[in-house]
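We call the chains A, B, C and D, going by the order they appear; numbering starts again at 1 in every chain.
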Amino acid sequence: MIIQLDKKISEKEREQIKLMVKDIGYKTTRVKTQIGEYLIGIGKREFDIRQVGSLPGISDIHRVSDDYKLVSRKWKVNRTVIDLGDGVLIGNGTLTIMAGPCSIETEKQIEESIKHLVENNVRIMRGGVFKPRSSPYAFRGLGSEGLKLWAMMARSAGIKIISEVMQVSQIAEMYDEVDVFQVGARNTQNFNLLDELGRIDKPVMIKRGISGTLEELLSSAEYVFSGGNEKLILCERGIRTYEKASRNTMDVNAIPILKEKTHLPVIADPSHGIGLREFVEPIALASIMAGADGIIYETHQSPERAYSDAQQTLDFMESERLINRSRKVFDVRESF
Amino acid sequence: MIIQLDKKISEKEREQIKLMVKDIGYKTTRVKTQIGEYLIGIGKREFDIRQVGSLPGISDIHRVSDDYKLVSRKWKVNRTVIDLGDGVLIGNGTLTIMAGPCSIETEKQIEESIKHLVENNVRIMRGGVFKPRSSPYAFRGLGSEGLKLWAMMARSAGIKIISEVMQVSQIAEMYDEVDVFQVGARNTQNFNLLDELGRIDKPVMIKRGISGTLEELLSSAEYVFSGGNEKLILCERGIRTYEKASRNTMDVNAIPILKEKTHLPVIADPSHGIGLREFVEPIALASIMAGADGIIYETHQSPERAYSDAQQTLDFMESERLINRSRKVFDVRESF
Amino acid sequence: MIIQLDKKISEKEREQIKLMVKDIGYKTTRVKTQIGEYLIGIGKREFDIRQVGSLPGISDIHRVSDDYKLVSRKWKVNRTVIDLGDGVLIGNGTLTIMAGPCSIETEKQIEESIKHLVENNVRIMRGGVFKPRSSPYAFRGLGSEGLKLWAMMARSAGIKIISEVMQVSQIAEMYDEVDVFQVGARNTQNFNLLDELGRIDKPVMIKRGISGTLEELLSSAEYVFSGGNEKLILCERGIRTYEKASRNTMDVNAIPILKEKTHLPVIADPSHGIGLREFVEPIALASIMAGADGIIYETHQSPERAYSDAQQTLDFMESERLINRSRKVFDVRESF
Amino acid sequence: MIIQLDKKISEKEREQIKLMVKDIGYKTTRVKTQIGEYLIGIGKREFDIRQVGSLPGISDIHRVSDDYKLVSRKWKVNRTVIDLGDGVLIGNGTLTIMAGPCSIETEKQIEESIKHLVENNVRIMRGGVFKPRSSPYAFRGLGSEGLKLWAMMARSAGIKIISEVMQVSQIAEMYDEVDVFQVGARNTQNFNLLDELGRIDKPVMIKRGISGTLEELLSSAEYVFSGGNEKLILCERGIRTYEKASRNTMDVNAIPILKEKTHLPVIADPSHGIGLREFVEPIALASIMAGADGIIYETHQSPERAYSDAQQTLDFMESERLINRSRKVFDVRESF
């Protein structure tokens, strides 16, 4: 059960509600976010919801049978919109495009990428500065220095940035620079990281685990939300299956299913979803057609020379074509 | 290596070619289809292809490194078009729609289904008369009698029919009635059935196995082609993964990958691909956007009362909407 | 519900029972096997089982909630023993070993294999004469001629044989020669084949599908049993997963789970389960320790020269060591 | 390439070696562990290994083609033994048993668990104090306080403890108390955590990821080793597949394959591997038979009342039986 508390609730009223919920046999968790205050009641006993709902200090009350509560659409039917400032909104009924290199590499690379985005009216740039690499001997990213340079250049061009955070200590290190924190597929169930991201007031995009279920993805989002941060975005990036013809199997099914289950925006990552440059476009367009609020993909001025993910990175011509076609496909979908 | 023989080749020339290929150390298989005659050479030794290619009686010769040869686009770049007669073509640059119930149930059901298709200008009707059911106690279909009634009614309405064949003995039983034989996901590697379907002159649509790789699907098609039947269609229908939110995981990646690897038409089955009625439409549209030559889906006048697959079957209003949107999405894709 | 009918039941009594079950709202299927006669009632309504059970002509009655009924241990607690004659029993509390080449190749090969088995007191020989091959250009087995030669030689040495049947028409072709019909992993859901194997009086071993669930394996066994043949054996042979270090992932979990769910004997196939010669032994021993009634594996006088499955085939020295160790491990398990 | 440096190497000699390796075109990483010093060379060019090997200051040099180097058995054939002190060794040719509750709950529970272990001569106790839970509303463990109490009680009974570390900041917090740090399945690719665990001098047991490949598990171990910590143990705990009859699919294949690929000890976790209490014993015994150096499993004085993992936890009678049988099975294996 989710009890949305009135903004002007008194401490006494709050205690009274807690007591009543405890009486029913439910355990409560208090959640205070940027936007509101909630009591989450966890339990199994049947009870008359009006019994609680009529107490003073409650603005709304809902039963939610899912294991995840606050991110469920059973409670909040209106879709969440993330506002990055300067007119950049995610999930507001327009198409969000996030593009950029796998890794931030050099000043020149940043400059050319930004130029490409600006020319195509793309407002969000992706890029890794702390890279999760399965081998300890591989390139691990430019770190904080790279991030600072990138952020400075992006800001002066009116571009927002999204970058992966890999551990708790990096949150503070990255906080001033990034506009959206990305939780990568290997960290979807790094619960300490999720807890800490719940304590900040910046948007977080959570990628589905490499073999994560949709239920687990929603529970990970619930971690951040119940920690106090409502500014959440989900990302489908393909799952691990036995099929070897593609790097991952893009689970396009996940897109309409997530849109039904949660009020959070859903972004598709076709670069990781198929892992083969020549097929990134059709999978991106298919994902938009299936209902995605946006796409995130890898592009680089010369993909062959990219430090990482070269085989799934588009060049700028391919990227421009994808942007144009994505917008057309989105318009067709919205016309339905 | 694929050696395409000249139509006017003499027996002596054919023997000379075989001898030469044998000399190189390759095993040959002779393939004679409705359209042409081929020698398939299997081996690993390096050799000068001109050495063979210059012999009389050869119209064309190709090296094909894939395990599947005749269905590979490395050999035949032009896409295969399947002609069902009366102006019904599959894979010719227009969108193919195949719709109908999971199982053929009653005369009234057939009648209403046909009416629905005719009104929406859909030319191919799907329906099962021999049903593969995992429990021996479930409904197994109306069999030959149902098929005869259905075929008669469909023909008089100008509708072509596709239906699943489950065993060799059913080929003859169904031959006069069906326009396309469907090989189901449980029979994709029923090699005897594939062998026999190679001996007939009717189109065959092969569904991907429940956990079949794309490589295996292509090899199954190679069975039919090398048996003598070039009229082949492939169908992606979702694979088995750990995700429980959907019945199967529709592998949309498979669509552009297959279109790259083979010259055969590729059809998407969103009904089985996601298995949930409310999401059949977005997955169908996504599949078309990803490059499918057509879709096959389940529709029924009252899905709740369908004998099988009720939870993934569209009613006629949903079906009509899907048909209209599919055509619009296809047009957008073709405009790219 | 399973109603076991009395051997001396009258036609009138049988009709009375059917009527009563129909009145409750259940659909009945009559099953007559080599051993007994049953009525299987399928339905969902609650009812008092004594109401039916007290009718004349019934020797026993059970509720079985599983989708599979006759193969469930909820009905038949005593474990099934398969008698191949000449003192060769499967599932009777001793360890069954089935060994031999992937494919029957030559007279000499058969001779040496039989000699190896006789010396090690192994009573059942495996071997393929009709081979399911994913490529149409690969070796497809010696067929009936090979089977006849093999059966003659095996019989004179007191060896029973098990071989794969791939289609309905092969049942009659193989009937006189084989002692156990094997249904391969690609045919586990070939329901027509299962139906026909239900009509014969020879043991059938069903392999789990390449990505088949245990539920599906049990339902496939139910097909054969409900067709009239109780002489059934199940075989775990590894499933398809994303792990590439082994050919398949041997699902050792399946062994104790199947032993709990069904009264049928369970055999392990470590050759396909791991697919790597050097690890066949530990996986075989682990499977026995987990509760398998026996093992089936591939051995050849010179594995490198085997026509198929060379990389997972043991030589005779390795095979002898495996046999000896298997028996020791089995004894330890039985001592618990 | 792995270059093992001489203990008495001079700085000048070290530089000379680095230079030579750089000349060949290889990138070097210097690794200094508790035991020795290494230069890891990463590159693809062919070269004469004697050219480098003859330089002064080198005690040994090896080519290792795997992506993981220091954990590979291609380099170090002798198996690693982990010494926990007081005569407790892991991987030394005796069977290691680690048992205890999923979560540390109460003083009484710790006391009874220790008593059970001492009576059965088990020297290592498992238990969670920081619990990774997919729902934020579930019990998350007793934390540091619980750990301190537990460690004090265990020490006075001569019991070593293993517990999961979930984030970098917990390493220091847990350091004085735990004898082995466990990296859980959700953190196998938490590379920052692995990096930090490379800087300490305490043993680390890494669990395979929920859908992790063996290659990835070995690469994660390489992280810790290349960070400076050679005291590593690997743990197979089941993988995620489509099969729903068990919680996970225990990949018993992984055990002999890992033992072949790496010199590190391999422990099996049958509790998570099958997830069903009644089958933990056969899977534990099967894992030992397949070559595991030990087992880790969950036991509790009254499993029904355990705060977590109740359905896969053994009671003390079942645990005692498992311990006794495990030792017998291990002895049989070692006698081979």
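Assume a contact is a pair of C-beta atoms (placed from the backbone, for glycine too) under 8 Å apart; a residue touches a chain by one contact, two chains touch by 3 or more.
Keep in mind it's a predicted model, so treat the numbers as computed, not measured.
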From subunit B, the most remote chain by mean C-alpha position: D
Higher-contact pair (C-beta pairs counted), A-C versus A-D: A-D
Distance between chain centroids, defined by C-alpha means - subunit A, subunit C (Å): 49
Geometric centre distance via CA averages, subunit D-subunit C, whole Å: 39
Distance from the mean Cα position of subunit D to that of subunit A, given in whole angstrom: 33
Residues within subunit B bordering two or more other chains: 211, 240-242, 244
Subunit B residues touching subunit D - in the complex, by the definition given at the top: 211, 240-242, 244
In the complex with subunit C, residue positions of subunit D that touch it: 211, 213-215, 239, 241-246, 249-257, 260, 273-274, 276, 278-279, 282-283, 285-291, 325, 328-329, 332-333, 336
Residues of subunit B that touch subunit C when the two form their complex: 27, 29, 40, 42, 67-68, 132-137, 166-169, 186-187, 189-193, 195, 209-211, 216, 219-220, 222-223, 226-227, 240
